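Each in structure tokens, the structures are laid out below.
You will see two complexes here that share chain A, one where it goes with chain B and one where it goes with chain C.
Up next is the complex of A and B:
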């Protein structure tokens, strides 16, 4: 079985690119690179610069004074900061893993349903297409401790005797928020994985079944390896988004109870727009970028070795 | 030939990209010119209706909706009619105080000349003054300007000796109660906190009402207000006279233990830890709670047939005490600030002068039941007859939040997140206060998050 692992024919790079062709290639790329530099690189570099300054608002604009790593010192010494790093990390990891597993199951189900495929994809898309602020408000009503729908259901079914304050304890608030997130963003994973599944040639499956492989073997040896591009794409998008989570906790709990659901993005917003500590806010933003990059790199290398380990 | 062709292609791409970038550039320019979109329109009306027609000055007033949204427009129309040389336009702001602040700091911090005047929270002066987001009023207003306000209000708008805002309308916490239920059970109107708890329990046990007492327990500014009232009544304070945290004290433990006890005894529903004003008021006006701590507007809301099931069944009194003469009420309310970048200082001053004078303040009180800041209006018997709230104003003991520190938002956050955590029971009262003590000290020195 192992010897027959199919792989997509590699796209052959043209080896004989002439020097002039290469030059004109760069020439054609340069405008795009310029645009990216202006709209992406400059803000990032400027944030780093801001994070190294003490910034005061004055009537004639912003007054910056260089203070080195002092803003980062404030972060390192703050329990609130570490708490929100920790919350953001486990929130992102748990939601992304659950969304990937669930998304994979749903994608396989949709792929195997011949009828109603279009309809099920459209239905799946409804949560994803709702604006988060609105769906978060909706979940707020569902979880409400006095008149919430969820309490109505669980008390009517006699699962609990007293209404539960879902957003009332740190643990249940975090879980409730994760459920709302998973409900909303699993469809995104499904869509990417379904399109990935549709690109796998059918003959691979036919060949495998002729060779007597069972469904499980087919999944691990054909579907999963050939889907790894789609999986890592979905995972990367989700990791990036999950680390920037703002709207859901902002609407659902405002970071509470206590500060148990305060994400890094919320902390940054508070520093920048409520406390007017622009330097500290920038340093939170930069720390978040570093954290996201690190997690993405770890994920990519772990995922690659996992897939290669399976394929070998 | 091929080279020429390729060169042409590159040139074409560059031109397109260049155009794109230039387009971006113009786009941003436009945006920053009119940072508050209204700026551009104001300027155009300025020239159209303005300088051409006898020098009408256009100014913009930014204000979030005030309970009855008609209030802002009523006052503006009246002002415009009386001042043919000044035309005020309303810029609608978000009713969430923090969102409102974020939009104002972005606009004014970015140097925009409008809004010329804005309505802001009473806890903003120190922060806005130290970030130069508000114009000091001393020197631009007549010297006797500040004499009109009720005692203590101007002090609240002062930072390092200068006044940065004109008090527009005041507010504070009150205890609303169901007089029908108290009468039915033969209970007096409570004057102590313990009494509130006992009477609420009695009413609940008799099956007259579902919940005893609702208030604001969510992790947000409103919890700082509620907690400050219990704390001050218990004899404690958030910051001591030298500006250091004083929250890890027996008085604070007493206050917070009582609040937590309201929840554990079942008098207050557990979900209070997610309640802001609308949620707590909603439980009360739906007839599901016997007592409510809220701001003055809850009076008119509870008497509104459309939204309230308890019309005519509600009484209101000053907040109770643990044992003193009477309890304390947090000062809330709104001030009028002038944008330091305004190009129409004189018109802006004329506007806030009129808005805090007897005519506007009487409209505010009589038609819209807001507590006037103008002392003459506040003491007018015909105004006091309008709402039972106005009769309580002179009997109320006020307490300010520690908003004289420019880092007040971070101090308040350190307070309300930890108090909220203790209310949920996830940390003990004393551990929460110790944590608050540390975080408030960090916040007060500018290192708060």
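Up next is the complex of A and C:
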């Protein structure tokens, strides 16, 4: 039997086929987009609306009354809020820079003896897969001022003479928290950088060494420029992720001592679910969104000028 | 590659030191979970347990009901993973291989959404969940986790679908297959590695998430492992032995997962290089 030949002229047939493919495409895409829109986009927009209201919990739901920008007025005049913005920003920047620099040094050292498989890759992936709350409890025990093992190590090595209450003073609490974060995330950065390094063709290096370049020159003229794109992207995502930091201070320091380790997310959680200030909580959420968008824009423009700089 | 002996020696030394620094805290947590309370609070601490006890493990399960936290975490993480795979594979196929409009804006939009911190959505989500009576339920976590993990999964799967030759689509069409049949029977089996990567990233994210789990499911019966471990508390002291016993039990399955799926995790980290 002969196959049925479509009676439409070829061009028209292809067009209608294309249209039906497109409809199927939207059909397959829409469930995912719908879930994302309902759970992320709609709440962000709703947050803006909530932040302009005074919200009282009632037994059946909520009572909202429009108060304009008053919630933001409270925030702007609050030292606690500005402290948490400042803490969140410098915590994100310092930890990510340390993780990248340390990660790069380790990656450069081990790239020739590490093929990203076997035992060592499993070990490096374990902190990535670790529940942050567990790592926070673990470090809390290590840092304990009375019986913590860290005090035992540093006093035995005569680095300090008296045990230190690591989580007891603002500066040491911030540093202790950063160390816990760096311990958990650096292995992940190392994996990304080692795989990036191994993708650079070996003959680039050979050519440079034949031309008499030293290691430092090779790093700055070959390795770094070729990795710059992936480093910037990884840095951007890590910084934005660090902006949401919550689990670690919640368990390790509970934001203290005082409010020295209180991140924006922790402040938001406190005003929402402990003080039930939903309007204030929403305005903290909106401020976080604005901060995230601002960082994205700064990065994008820096990245673009970097790319244009390369082209010039 | 020009490579000296010293370079290799330095490489090995750094690698081994690095692995030891990663593992030491785990060692400490592990032996602490077997020490009697007297030794846990002792100073100077004993670097090897002098007396072994299994009491913290029984405490974690009998006194704190750790088994129900594990069950809750497994239910939430497994269902989330299946939902993400189903929705993300369809969406990834559509973006990679079908003539839909606005592909680039969709991809960039997904990328931006994937970096928003949960605090941005947690207030309105809480109010909505309270209104519809979903607080302290599995779906209160499954639905948000699905949404938050979809963007990365769509990106990964789109990249894998792009590697399958587009000619297969035309060939299947000539044979009379519908688009969905083509996707399900021909393309999906060819992207198994991408599915593994998306699955393990989603599972780990759902297994480790704390903020939403704490806020939406705070009643003891509905707590997941992270919430349970964060809220373990004693009357006078932090019960570190019991906390670490529960922690060790919940680390084991994930370590097995990492050992099995390490190839696909590395593939995801290096391809996406975006998710922590």
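One rule holds for everything that comes next: the second predicted complex is superposed on the first by the 251 of 312 C-alpha atoms of A that agree within 3 Å, B and C clash if a C-alpha of one lies under 4 Å from a C-alpha of the other, contacts with A are read in each partner's own complex, and residues count from 1 in each chain.
As a working rule, contacts are C-beta pairs under 8 Å (C-beta built on N, C-alpha and C of every residue); 3 or more make two chains touch, one makes a residue touch a chain.
Please read all numbers here as calculations on a predicted model, not as lab measurements.
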Quick one: is A:257 in contact with chain B, with chain C, with both, or with neither? Answer first, second, both or neither. first
Given the superposition on chain A, which partner contacts more residues in chain A: chain B or chain C? C
Between chain B and chain C, whom does A:31 touch in the aligned arrangement: first, second, both, or neither? both
Tell me which partner A:137 touches in the superposition: chain B (first), chain C (second), both or neither. second
Give one of first, second, both or neither to describe whether A:169 is in contact with chain B, with chain C, with both, or with none. first
Partner chain(s) touched by A:294 [first = chain B, second = chain C, both, neither]: neither
Return first, second, both or neither, reflecting whether A:101 touches chain B, chain C, both chains, or no partner chain. neither
Using the superposition on chain A described above, determine whether A:123 touches chain B (first), chain C (second), both, or neither. second
Where on chain A do chain B and chain C both make contact? 24, 28, 31-32, 35, 38-39, 61-62, 146, 269, 273, 284
List the residues on chain A that touch chain C in their complex, please. 17-18, 21-22, 24-26, 28-29, 31-33, 35-36, 38-44, 46-47, 50, 61-62, 106, 109-114, 116-117, 120-142, 146-149, 151-152, 183, 185, 187-188, 190-192, 195-196, 202, 205-206, 209, 230, 233-234, 236-238, 240-241, 243-244, 246-247, 250-251, 264-265, 268-269, 272-273, 278, 281-282, 284-286, 288-289, 292, 296
What residues on chain B touch chain A, complex-wise? 3, 6, 9-10, 13-14, 16-18, 20-21, 24, 98, 101-102, 105-106, 109, 111, 127, 131-133, 218-220, 269-271, 273-274, 279, 283, 288, 340-341, 407, 409-410, 413, 417-418, 420-421, 423-427, 432, 435, 438-439, 442, 446-449
The chain A residues in contact with chain B across the complex are 20, 24, 27-28, 30-32, 34-35, 38-39, 56-59, 61-62, 74-75, 77-81, 144-146, 163, 165, 167-170, 253-260, 262, 267, 269-271, 273-277, 280, 284
Chain A partner contacts - residues on chain C that touch it in the complex: 1-3, 7-8, 10-12, 14-15, 18-19, 21-23, 25-26, 28-29, 32, 40-45, 87-88, 90-91, 93-95, 98-101, 106, 110, 112-113, 115-128, 130-131, 143-144, 146-148, 150-151, 154, 173, 178-180, 183, 204, 207-208, 210-211, 214-215, 225-227, 229-230, 238, 240, 243-244, 247, 250-251, 254-255, 257-259, 262-263, 265-266, 269-270, 273-276
